[in-house]
Structures are given as C-alpha cells and as structure tokens.
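Heads up: the structure comes next, in structure tokens.
By letter and in written order, the chains are A, B, C and D; residue numbering begins at 1 in each of them.
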Amino acid sequence: MSHRSGRHFLQIPGPTNVPDRILHAMAQPTIDHRGPAFGALGREVLAGLKGIFQTEGPVVIFPASGTGAWEAALVNTLSPGDRVLMFETGQFASLWQRLAERLGLTVDFVPGDWRRGADPEVLEERLRADGERAIKAVCVVHNETSTGVASRIADLRQAIDRAGHPALFMVDTISSLASIDYRHDAWGVDVTVAGSQKGLMLPPGLSFNAVSDRALKAGGQARLPRSYWDWQDMLAVNAKGYFPYTPGTNLHYGLREAILMLEEEGLERVFARHARFAEATRRAVRAWGLELLCVDQREFSNSLTAVLMPAGHDADAFRKVVLERFDLSLGNGLGKVQGKVFRIGHLGDFNDLMLAGTLSGVEMGLSLAQVPHRAEGVAASLAFLAVSAGARPD
Amino acid sequence: MSHRSGRHFLQIPGPTNVPDRILHAMAQPTIDHRGPAFGALGREVLAGLKGIFQTEGPVVIFPASGTGAWEAALVNTLSPGDRVLMFETGQFASLWQRLAERLGLTVDFVPGDWRRGADPEVLEERLRADGERAIKAVCVVHNETSTGVASRIADLRQAIDRAGHPALFMVDTISSLASIDYRHDAWGVDVTVAGSQKGLMLPPGLSFNAVSDRALKAGGQARLPRSYWDWQDMLAVNAKGYFPYTPGTNLHYGLREAILMLEEEGLERVFARHARFAEATRRAVRAWGLELLCVDQREFSNSLTAVLMPAGHDADAFRKVVLERFDLSLGNGLGKVQGKVFRIGHLGDFNDLMLAGTLSGVEMGLSLAQVPHRAEGVAASLAFLAVSAGARPD
Amino acid sequence: MSHRSGRHFLQIPGPTNVPDRILHAMAQPTIDHRGPAFGALGREVLAGLKGIFQTEGPVVIFPASGTGAWEAALVNTLSPGDRVLMFETGQFASLWQRLAERLGLTVDFVPGDWRRGADPEVLEERLRADGERAIKAVCVVHNETSTGVASRIADLRQAIDRAGHPALFMVDTISSLASIDYRHDAWGVDVTVAGSQKGLMLPPGLSFNAVSDRALKAGGQARLPRSYWDWQDMLAVNAKGYFPYTPGTNLHYGLREAILMLEEEGLERVFARHARFAEATRRAVRAWGLELLCVDQREFSNSLTAVLMPAGHDADAFRKVVLERFDLSLGNGLGKVQGKVFRIGHLGDFNDLMLAGTLSGVEMGLSLAQVPHRAEGVAASLAFLAVSAGARPD
Amino acid sequence: MSHRSGRHFLQIPGPTNVPDRILHAMAQPTIDHRGPAFGALGREVLAGLKGIFQTEGPVVIFPASGTGAWEAALVNTLSPGDRVLMFETGQFASLWQRLAERLGLTVDFVPGDWRRGADPEVLEERLRADGERAIKAVCVVHNETSTGVASRIADLRQAIDRAGHPALFMVDTISSLASIDYRHDAWGVDVTVAGSQKGLMLPPGLSFNAVSDRALKAGGQARLPRSYWDWQDMLAVNAKGYFPYTPGTNLHYGLREAILMLEEEGLERVFARHARFAEATRRAVRAWGLELLCVDQREFSNSLTAVLMPAGHDADAFRKVVLERFDLSLGNGLGKVQGKVFRIGHLGDFNDLMLAGTLSGVEMGLSLAQVPHRAEGVAASLAFLAVSAGARPD
C-alpha cells in the first residue's frame, strides 16, 4: 500500500479520534484479569464512570459494542411480549426498535421525520392514554447519531412525571455521553446505554449500562433469557473490581486514561468545547448556503452536524471526493437519508484547528464535487472561533 | 505506585502475552468502520481466520468475550426447551452448561471428575439411547482451561457418526485454537467457539463462531431470541468486509497481525512448539514429585498444565508468594478445585527461556511456600528442552 | 497537568510531525547492535539513504544532531588554519561559520541580508580571485531554515566549475533533504550535511554526511583532530552494516520506516507535494497583505515560509497567542530577525487539511494579536489547494 | 522474515532491555524544542540527573553515544599535547586511550591484563613520580564493560589525594551508572562520563558529562578545538531547560520516565538488586565449573559477568548456538579476549525470572555447544535467588 502523507481526518460521528495517550495506555501488556492489579483497575474505572454518567448508582461495563448495551438494557428489565414506547428519531432509534422486536417485545413506535427529537407532548399524551399501564418502558435516543438531533431528556422525564406513568425510562447516550450534558440521576433515567468509541475517545469494544434502583428491581421479574448481559452477575463481582467473564482488559487501560483526561479537563469545559465547535460548524453550513437536517434549534446536536445535500447531488459521491482528495472521512447518510445527507463529527478529542481543517476539506470537496454553495463557510467558522477562543486552561 | 523492575511473567492460561508487534498494530489510529480501508481489512481477516480454524466455511467475529460466543452458538441454532448434551469436564464446561440453562435449554450434563475429557464411548452410548433424536446438540470443550485436559474431538466425532445421530456438534476451542491441532471441517464440527486472548495472542475482546452449513440451516428453525449474536446479520455484510454494528476496530488490526504471525510460523510449527513446551512442563512437574490433574496421557493439554497441590497446602497461598516474590502470574484453581490446583499457561507467544523462567519461579515458589517437592523440575525441563531445541526456522 | 483536547499542530520548520508508523517502529525493543539482525538493518538503511541523497557514494550516519554533521564535514576534510568560503544566508549559515572558526578554520564570510540565497556570481568572482587556491572549501546552506530561502545549488556548482576552482563543495541540506529536490552526485557536491528531524520525519538524534570520493581523499591530508566524527572508522565497519561505536538503535528502526515511506510515495511526488503546500502558503501570506522574507522567487523555500511582521508588531507575542489559543507551534525569528519574523513549517508528514488548519490558526492569531491583515489568506489558500488537489496515488 | 515466537532475551551488557513504559514515553509526538513545554521537560531532566549522578553540580546532556561523552570530557578540559594517565583495564579503556591520542593528547597508559581494575597503589606511585605535575588528568573506566571488572573509584580518589596531585579525575560510568553505587561529588570526580543505554534503561543516543567546578575552570585554559561538545554553550541555555542545538527530543521523554522509575525504586534498592543478580550469576558460573574473567572479588562487577571459555572452545561459536536456539543475545569477547570470553549482562530493567531464563539459556547452550561443564549452574543460582528473594516493595 502506498504511503499517504499526513494525518487522516476521522470526522465521522464516531468512532472518534483516539488520543495517543489512550492508544499508549492500551498498548500496555495484558495482565491477569483475576489478579490484584486488575482488581484495583476495575474498582478505579467503575468508580470513575459514575462521575461521567452523573450517577451515584452502578455502571455496568460490557466487552461489546453499543448494540449489545441496547440488548442488555432490555433483557435485564423486560419479559417476552412486554410493550415499550419508542420514537422514530432516526436510524439508530429504528435499529433499537428492530432489536426490541426481535427479542420478542411489542414496540409502540412513534413515527418521526428524522429531523426532530422525541416530542415531550406526544410522550405525555401516549402515556396518559395508557390507562392499564401496559407500557413497561420508554426508550429514547438522546443524540441521534444519524441526524444530529438531540432529544430533550429532562423535558421527556417531566412529561413522564406529569403523566404519572411508572414505565422505566431508558436513554441511549452513545453519541452524547461525555460530549453533551447528560445526567442519569438528576433526570431520573433508569437505564442509560453508552459506548466507548465517541465522547470517551476509546476504540469501539466496550459498552455500558448505568442502572437505577428501579431498573434493578424490575430485573427480578424480567423473564427474557439472559446470560452474557446479566447485570446481577456483573454487580456481584464488580464490587471487588472483577468481572464474571474475561473483560476487555486493554480497553480498560484506555478507559482509565479517558476518565482521567475528562476529569482533568472537567465535564463542564468538555460540554462547552463541544457546544462551541457545533456552533462554528453550523455557521459554516449556513454560510455555504446548505441546510441543516435538524430543524429545531433547541435540538441541535453538539457532537455532530448532519447536512442536507442540494437536490440532485449525491452525498456519497461528495464524501468519496473528500476522502480521496483530502483524506477526510465524513459520516454517510444512513437508512432513509442515505445519499441525501452527510454528517460532520465534531466530538471527542478535537480542537479548533482540527475543525478548521475539517471544514476546509468539506468546502473544497463541495467545490470539486460541483455542489452549489458559497465558499464562505470556513471564513464564517473562523470568525466565530477567533472571537470565542479561550486561552489554555492552566 | 512503585516501579517493579523487569518484565512480568503472565503465565496464566490466557489472556496470554501479547507480542509487541500486535500491541503496536492495535495502537494505530482508529478509522472509519464503514470506509473502504476497513472493508479491505475485514475481508483480509475473515479470509485469514478460515485457515486458523481449518475450515472453508464462514467464521463470524463478535466484539465480545468468549462467553458471548458460547451464547451465540446456542441462540443461533436452538429453540427454547431444546435438549443439549454436555460433558462436565471442568469449570468452563460447567459455565457453558449453566449458560445454556439460563437461555431456556435443557441440558443433559454427563458428570465428570475434572481429570478426564469427554468420553467418546459415553457419548456414543448416550446418543444411541436417544431414540427420538431429542438431543439437538452435543457441546464439548476441546481444551478445558480449568484442568489442562484436552478432549479428543476427532474421536468424539466418530462416536457421533457411529451412533448415526443428527445432533449438531459444537466445540469450545477457546484455549486450544492456534495452539493445539484443531480441524473444524475435517472433524465435522458444526459450531466452533473461540476467543482472541489465548493462541491468537490478542487481548480479550473478540470472539468467534466458525459455522457449518448444517448449523446455518438449523438457524432457520431456531426460535431463541437473538439480535446481537445473529449470524445472518453478520454474514450478510461480512461479504464486503463490513459488520452490522460497530466492530472492535483496533482489535481487528491486531487480529490481522496475529494471523500473519501464525502464517509466518506455520500452524504445524505452532502446534509442535506448544507440544514441546507442554512436555517440558510435565517433566518438571514429575521431577518435583507433584501430580498432574490430568490422568490420561492421551488427553494432556498442550496449552496449559494443571498441577495438584500436596494435601494440606493451599494453591492460592503458593500463587501469592510466586506473584509477590517473582512477579509471575499463575492460574488459580477454579470452582471445585479452587485452592487445590494451580495452572501453568504455556501457550501463545512463548519460548524456551520464558518457560525456563516460569518453571524457575514455580520451583522457587514451592520452596518459599514450603511445599514438599524435589528441586529438580527446572533441571529436568532444561535437559529435555536442550535436546529438543531446533534452530531458528529461516 | 491539565489535558488539552485534540492534536497539537507542530508547524515549526523542524522537528516535524513524526508519523505514528515511525513512532511505532522506534518503540520496538532495542536489540544487540553487534548481532546479525542489526547488521542486516544497518545494510538496509545505509543502502536506502543513497537513494534519498541521490548518490552512489557512501552516506555516514552519526548518532548526533545536525550540528554534529556540520562539524564532521569540516574535521574530516580540513586542517587547522584552512580557508573556507561561506555565505551569510541566515542564522544557520552564521552558526556554521562560528563553528568553523572555533575549530580553527579561517572563514571568508560573504555578507548577506538574510533575504537572499548564496549568489552564484559572487561565488564565481570570489573563487576567480583566489589565485593561489587558498580556499579549501565552499560551504552553503541549501535551504536556510531561519529565512525560508533556498540557495540554487546546481547554479553554485556551475559557478565553481566556471571558476575552475578545486575547492570542496559542502552543502547543508538539513531542512531540504527529502522535501526539496537535491542531488548529491549530479550537482557535484563533496559533502552533504543532513539531519533526521525534517524531511525524514524522524525525531532529532541522527545526522548524516554524504561523501564524495574527493572528500574522502581530502581526509588523508586533513589534520583537524577527530575521533567521534571520523569517516574512516565508520566506513570500515559500515560495509557489514555495523558501526564503530554504539549507534542510535531505535532511531535506525525509524529510519528504515522513513526510507520505506519515501520510497512508497516516490521522491518526485514528495517534492511536488512540498512545492504545492509552499505555494498555497505563500498565497495565504500575500492575501493577508503580509510580506515574505524571501525576496527572490527563484529562491522560495518549499519546506518553510518566513513571514515579516508589520512594523510595531512583535512576532513572538503573536506566536504566543497562537500557541496558547490554538495549540499551534510556529517557528520563531532567529538571530538578526528575532521578533521580526515568524516561520510556518510545511514539510515532512503533512497534508492539505493539516495545512488548512495551520493557516487558519495563523489567520485567527493575527486577528487576536491585532496584527493588521486581511482575513483572506485561508480562502486564497483553499482556492489553490482545491484546484490543484490530486486523487490519492494508488 | 519469519516470526519467532516469544520475547528476545537481550542480555548483552548494554544496550539493555528498554521497559515498555520508556518505549511508550518515547513514542509521544515530537514537540517544539524551543517551546515552553520542552523547556519544562529540560529543567526536570537536568534536575533529576543530579540525583542519579549523586552530584550537586551540572550534568550536560549530549545527543550522542557514550563515545562522544568521552571526547567531550577531554576537549572541554585539555590542550593539545597534554599528558593524561589511563589504565588498561580492558577494551573500553583502550578505546578511550586511542581516542585521546587521536585528539592530540599524550597518554601514559598503565598496562593491565584485563582481569583487574585500576590499581590505587600504582596510581599513587605514578602521580608521586610526576614531580612537575605534567599529568593533567587521570582517566579511569569505573566498570569495564568488556571484562566485568569494576575499579574502586573511592580508593583511586584517595590515592590521588595521598599523592597530593592536582590532576583532574575523569571516570567513565557508562555501564555502572544507575546499576552500581557511584558518587560523583563524594568521590571527588571532576568529569563523569555516562550513556543512556545501560542502567538508565534507554536506547542509545544520549550521553552525559557530570562536571565539577574544577573541570569547568580547567575549560578556561583548554585549547583543544571544540564546538559540538562545548560545555559552556550547553550550560548557558540549560538554565532555562533549553539546548544550544536540537536535542534528542524523544529520548528526553524516555529519560524523564527513566529518572522517575529509578526514583520510585530508589537508588539503594537498584544497587542491591544488581548486586543480588550478579552474585546469583557468579554462583552459576562457579557451579558450571567455568572461570570468571575478573580475579579480584573486590572488583566483581554488578552489571555484567565475563566468563572464560575452556581452552579449545570458541566463545563466539557458543554464542551463535545460544542466539539461534534460544533467542538469547550474550555479549561477545572484545579486542584481546575475542573468542575467549562471553559476557552476561544483568543490568537495567531485569528481574529474577529473566535471570533464570538467561542462565538456563547459557546452560543449555553449553550443552549444545559441547562445552565441558556441570549442568548445575541454574540450580545453584535458583537456590541463592530463592533464599534472597524479597517481597515486592510497596
């Protein structure tokens, strides 16, 4: 393979750029997962994760992709035929719905146009209509990775409370955790689903469930078969820092480093950084004269931006140009919006000049792919970045 | 934490020592799992795995531990209430049995004393007795990691054939693949279960199912719920080198390197190397005057050796001395044999002098822990290693 | 230390960004520098370097910085009191002159204004005036790292030839080798001086002398004391791939990788890439309304661009803003031009979007530091990069 | 190249095994050697080195091999024709002598048989005989890497003092620093020469001079030409953590880590560890019935052991067998003892089981090479290691 000069720009909305510090941590020798050193590491990461999820409760770590954590959330709490309420906010909500059905659950799937988040009013209405409390769980994707739309979790919680409905509340934060403010406890979430490869800056391979007391109790009655995903097996040995089967040892090294890095920067600053890059990106999109997929500014995602291609232009052809000419990977349109949108990831280990390079690649790519636009996006973005630049926090 | 000089000796029977070459491969930047470079990598590793499993059929890769691959083997082929035949060869066979029952299967569990493998005669007899063909699958652990006993898979296959029974044949090769000769196709195995962290020399985090046509067909009728573990979803996109959900990208880099390394050495040489180290280890054990857990020399494991402690001596106290004084991790006794055996792993990326260091640590540890023995094990081992040493294969 | 998000932009004109591939190569275990594996490596890199220097003659590798290779060039060829002709093209030429004088040589130092390269006409004139052939060597810095001015080596060679003068011709290519076309043999250079940390994409720590037959012969009469730098000691054992004292083993691993990468890309493409980035950078500078330090377009450097600050503005204050706000390291003004210029390095492992990010950082920094400019440099650069972008060479 | 399983045993007396922690530190991205982060690193390592050399004075770091630091010691303090007193303790003392003569110094070289260190009585006698104080420096190799003989530096200092001679005292600690107790200040040494690739556990590429006030003052009169090696240039900018020319940036990252590791373990423990491994090795040699090159037990080296081959057996043929069969690199006999001795390095990042593996490789190699010996060396060594094993220092 011929050498390609310079660094690849990985600006899909996850996996994100893994910092060298984490890659080096992961390259340490594998150790005995039943020995004392690994136990100490286990206790450290299990404690540190609580801060990231903003919870006092347990967080379970699976050696699995995020899809596995979706499955775990359901099989630990529900029984065959149980009814769950989901919202069609995009491709990942649709995949979660399909997964639930394959497990034997009955899904009430609130239709959506992929340009808006889950609607708190609709949620309240649906729950109020459920007089016999047949709905056992409400499942929402916090940040739809396929659309760049962030549902308002706190508002959705309030809707559930207003309806006085006992359904469990499950939230997928795969592309929001450690990027967009998210509060498992304060927002009364029962199961939070997350993965390693986005805001946590790790390669894929670990996924997570933060679990409320109510969710744990629900597990007592849940009759979906489970073994690999069983929370109780995990919690029983997690107390000493161990795991019921072989954990993803080297990703745990990286996880420790990721938690330290997030703690060093501080979650508040992490969220502010993502908000600033998202705003700079949206300014570029508008200056190009292109349209955001997300239509409600209350729901703009801070971790990625999905951009609609002008009619008659194929997003994937554009992305191919950008990859081949500028070594920049952009996210493709998924499912219903395939070919119609491209996605710019601006989450994880990222900074002003990486964003400037990314937007430059998009702008040049639009030109080379002959997509109608004004070549003013980068300039608009730089103008905003310059005035909002802070000094290094020391 | 205070620095400890020198290299840790990780001689548990997995995870094994991960070579620098693989650690460095894994430390490469994460890339777009939907982009062309990752597709090429996917095709390469999926093709390369066939050679390792000695199969022409597909091998499915899960971002999960080996326990997940156990679950996958069952949920892709069986229905609730199906009967499976398993053999109590040790702790891992017992865990697989427990897992099967939690999934809703009915397990006929042939009892064992943890010192012998699955008995082909018993298998034949059980299957002949199953006139109505209620047994849907026979599940055997090839190399019991908890006991150092290797069941004779080819003989078990012949027993099934002699009985003329149509049950699927599923084999766990977690601690034998790429260490002990194993032939998925030639031995008529339907589902082979494997993991990354033993003979493949990777950290934990990937696991595998090699799948026969019969197993794939059985999936059409199988009614256990499945989503994460579903083979069909995998195979549909594996053809182009992709995966239905985010794969463990950086472990795939390591997997490519592992396959290359195994190909460079050649499987025959890999197997011979493991056999030689196992023999050297057993000679040390005998010279110490200690007893092997495995009682049948046809079933000696080439990847690990489990040693019985003399009565009145605790294996874990001994292991603690060895770890603290000599920075050597040995495997503990699991389940029924906890405290009664210790296990020496001699698989994976390993050589004569690492083995000599390992056995030296055991011998000194026996002395420090005041375990009755003759201090002649290392000498016996070196005598064998010297006469059997081959020159570097160039 | 608090974590700073994202990747640092190291855009000084060397050390340059070291690719992961080289960092990983260097992180391999150190081996016996007198063993067969290291001998094979030695032969490989010594052969590969010939291609990079475009020579058939020997290239000597020192475990030392480039300054050491300056010293080596002189002590291997000259005697105390010998006269050498040098050109004041900038800071590095001045440092080489000072070094020569400290070694006991007499330097004729042709004065310069740091905005032009060595003048072939002046060279010819000086040599013609040297009737008694007292000048033993002509020393020129090919690419002045302090000014971004590249002297025309082929023209200087012709000037020497026209004068019919036997002086040795020594050229410093520290910031041009493997970035700007340079031909040791074709241009009749006797000693080429180079270092590892620029176009070769390695960390600092190795330096080089490519040596002509004439230079080797001159060594027979040279009476400057030498030991560490002695070519003869090197050449005697280099034939077998070894070195007379301990070489910089791990940098040699990186050097092998660097040579492979340059061979994969091809020197022609490497030079064209650098030329394109340099042109894009100069377009940005002009669009900002700033002045290049280099005044003669025949002498524009392709590896770095030095930019004059408007009067009344301190370059180092500006650089400090850029470093603190945008994590971008720019080169400072050295010696006579301290505080008056800043330097943008665009050599080594670099690509379009890294350049776009770099220029964005400069443009935003100019704004934050309130340096008068037009914020049109990035746009001018992108316009050029887009039209000149080639597809990936496959 | 075919893969060779397991880890290479690098047991030459330097370069030594580089710990992963240091390799990873060195694999961090190269940064601006003139920027604030590098200045902070420079101050940290320059301060930390004082502790390692046990000095309050400055330590100068050269981007060069140890041979360069020899040259630096001389050119910074002496003038052409100056007389220096050296002792022929082995190959490295002989190389230093040759280097001194090439620089134009006059060397009084006290002959030796390569089995003993520098004799304090001879030193005293020679200095007393030097009535006109013509001897400007006494140069001694602390630990002769070619012979495993350690001269007694404190005794030599006392000899100088008894003679009341003003000569500078220069000591090469290349293979003793951070392995064998060494005290620059307490022992009144004027220049200590050291390198990175032995007790400091780094790859080769850095070397050091610790410098006394007297040595610095001597530099004022010293007329040997110098530039690269000049202390004054270094010290002028070292105060702020910088260097007069490009330093070996990535080795500095490793150096910081090495200093931290030595501080974590504590120098006293480091010295005790080396003493213990040396004693275990000598016990093995005696049990094999082989002869140590070093004849005086007061001068046994703690960092390496040189072993005489029985007459009629070639050490290099034996070493070749050991390398090819057991992937173990042993040191060769150098100069006068080529083919007659082999050397076992037991310094740096090393532990009991690595030593056991090493000695096992030697013992098996002796057998395969048909060298007469008793196969009892490993057993003797283990017996000693077991009784002297300490628990991990926590």
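Quick note on the criterion: a residue touches a chain if its C-beta (ideal position, glycine included) is under 8 Å from a C-beta of that chain, and two chains touch if they have at least 3 such contacts.
Everything quoted here is computed from the prediction, not taken from an experiment.
Ranking A-D and B-D by contacting C-beta pairs places B-D first.
Chain centres computed from CA atoms place A at the largest separation from subunit D. Each chain gets a centre from the mean of its Cα atoms; for subunit A and subunit D, those two points are 54 Å apart.
Our note on geometry: subunit B versus subunit D, Cα centroid distance of 45 Å, whole angstroms. The set of subunit D residues that touch two or more partner chains comprises 7, 17, 24, 27-29.
Because contacts link each chain to all the remaining chains, their graph is best described as complete. Taken together, the subunit D residues at the contact with subunit A in this complex read 20, 24, 27-29.
Put simply, subunit B touches subunit D in their complex at residues 1-7, 9, 17, 19, 21, 260-262, 264-265, 270, 273, 324-328, 349-354, 356-358, 360-361, 363-364, 367-368, 375, 378-379, 382-383, 385-386, 389-394.
Note for the complex: subunit C touches subunit D at residues 7-8, 10, 12, 14-18, 23-24, 26-36, 62-68, 71, 80, 98-99, 102-104, 195, 197, 203-205, 224-228, 230, 245-251, 323, 329, 332.
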